[in-house]
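Look for chain A in each of the two complexes below; its partner is chain B in the first and chain C in the second.
Presenting the complex of A and B:
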């Protein structure tokens, strides 16, 4: 059976696959950026002494972490255009879903990171006359993020894999493009083998990167 | 300069400080000593508001510490503090440790901060280490950098919270020497320490604390040479024989 495999289908459609991978990576990158920014804000709220803020942020995190990602993607696919009042395109509604969902996870990572910074460091910043914001910006968050780099990258790898779920709303990412090619060319096994191989290699590279970063940035 | 009046503080039902009253005048060096758990570190941290207190009042040059109307960041920028565990910022270089608050809090230019920073590193004998990171320095060196970091803000007073307790014995003197020179320059200092040699040499007054209370508050001569309360004598006999 193996000698019947014909991988020329990959080369013939390479630019389509490349475009699909481009979308997958672009979505991953934007979702990581947005997720970390929103997640940091959530984490600061969760750690706030203002009860209402920490309650709202905590509820948000717990709620989204109890939801399957695929459901969030589906919801926002229908909800975002309704809220905004006009169609925004599949890509943006999916991006919003990922940012909102990932922020809940990043929040918990960042919260742990902030708590990993010794109390004495905060005292030292305060004693020098730094405000809460300055202390966070120059002392706490830089150290927190250094401590968190390995787990942030791990989360990014998971996110990269999770982007395949945009399949449910038909966004042309790597997997969806591949699936279409597989159907049209009737080469399911070759295409899906190739897709699996690419995901595997990229995640493996990511994992190796985690180890490198861990050594480089360890304080 | 520092007025502490009837200050009490408790964690739940546990009283850490009970009715503490004392003061530090401009140019004065006051050593605070006492057994561990006596509340001396807590007391010194209430002076710049790192630890809140529930009763009494603390004023620094007439400004009430921890009052709603007091800008605590501004007040703290005028009081230097040195910690038991140095607390240098591990992610930035030695010179950046000293520059950071000068630039961000005092609004000095980068050049100005650099110049002041190098001056102070020179003064504590560490100008060659400016580009290194805290983890590359010994404990004694780190503590001298921490002192320089505090001085860079041109503070009106310096607080020292057990500055030599975390140091290996051979490094204690290099830190005490810097502190002695500082006292001789007329800096107002409040120093929590067990170093009775330093107290004898440098202090104007000694405060002895036990169980959250100020038990003795007298001149150095009175403290070391004359009759003292039972607890202070016991404490001294324990640490001076070593």
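Presenting the complex of A and C:
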């Protein structure tokens, strides 16, 4: 069996696979950016003294975290065009789904990061007459993000792996492009082994990086 | 902004959609619970061998975890479904493709079990490592063998330590079971999508799935809290049980 494998199919279709990986990385990058921004807002709401804000943010996070990502993708694939009133394309629906879903996870990471900053720092900021915004901007968030760097990278690796789930709506990412090539060229084994290998190497490099960052940024 | 949408919640109780929802819930639970049994067994072995002082055993554990954690779950399920039957000996591959009962179900269960097993193993390793070294040394000083040390000292405490992270792994397996729809297991998420495609009542279909997943989460969390309380060692570790 193994001696019949012919990996030339990979090189023949290399630029298609590269385009697919481009979309995967682009989606990952946008979802990380959007997820961190929305997640930070959620975290600040969750830690807010205003009861209503922290309740709403907390409910949002628990709600999203009990749902499978595939269901969230289906939800927004159906909902986004309906709300906007016209078709917007699969990519944007999926991107909204990822940002909303990942923000719930980023919120928890960022909340833990903010809580890891020593209370005395906040008091010192207040004693210097800083407003809430200044205190967050110059004192708390810079330290919090520094503490969070390794776990943020870990979450980025998880997100990178999660983007493969766009398969369920047929967006042409690395996996979907690979699957199409596998079907057309009738080389399922070679293509899927290659896909798994690429994901494995990229995530393993990321995992090793996390270990290094953990040592470097340990306060 | 006005949504152009015809509400019809009654659709959820009509034939055949009502039956579809229950069938979906059944398969979600069936996949998740069966896979959890496998994950727990694999995780116990992997977590243990990653902490023993035998280098080649640790090496096997580390490699297993690296492989299963660094490939997306959906790619893993395709590997199990399309590739594994081709790579095993011919007669077994034939059996998997032709005669194996419920092939999609068992493939999904194996895949999820192996994947979650790596994660459970990581948690258990952390749990065992969190036990003060004195416990291990005390066990050795009392003349316990390595196997006895694990069986009577380290594992009973290690497993109790990791009940909270195990709760989220157990919840994760219910959510991850939705990936089984990519190889044709018609579980809860797939059924809700199917109802949407048949009736165009997406709101109702996805809402019922969402509510059922939240119900599963609530039940699992309550169950794990009971287990945590039941297994707490009095006076020793609070373990978060109140």
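One rule holds for everything that comes next: the second predicted complex is superposed on the first by the 219 of 219 C-alpha atoms of A that agree within 3 Å, B and C clash if a C-alpha of one lies under 4 Å from a C-alpha of the other, contacts with A are read in each partner's own complex, and residues count from 1 in each chain.
Criterion: a contact is a pair of C-beta atoms (placed from the backbone, for glycine too) under 8 Å apart; a residue touches a chain by one contact, two chains touch by 3 or more.
None of the values given here were measured: they were computed from a predicted structure.
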item	value
Partner chain in contact with A:196 - chain B first, chain C second, else both or neither	second
Touched partner set for A:138, first chain B, second chain C, both or neither	first
Touched partner set for A:167, first chain B, second chain C, both or neither	second
Touched partner set for A:146, first chain B, second chain C, both or neither	first
Winner by number of chain A residues touched, once chain B and chain C are compared	C
First (chain B), second (chain C), both or neither touched by A:128	first
Partner chain(s) touched by A:52 [first = chain B, second = chain C, both, neither]	neither
Set intersection of chain A contacts, chain C complex versus chain B complex	none
Chain A-facing residues of chain B, complex	45, 48, 50, 73-81, 83, 85, 87-91, 100-101, 104-106, 135, 149-150, 153
Chain A residues within the chain C interface of the complex	1-2, 63, 66-71, 74-75, 78-79, 82-83, 85, 161-162, 164-165, 167-168, 175, 179, 188-189, 192-193, 195-196, 199-200, 203-204, 207
Contact footprint of chain A on chain C as seen in their complex	1, 3-5, 66-67, 69-76, 78-79, 82-83, 86-87, 90, 171, 174-179, 181-182, 189, 192-193, 196, 202, 206, 209-210, 213-214, 216-217
Sites on chain A touched by chain B in the complex	118, 120-121, 123-131, 134, 138-139, 142-143, 146, 219
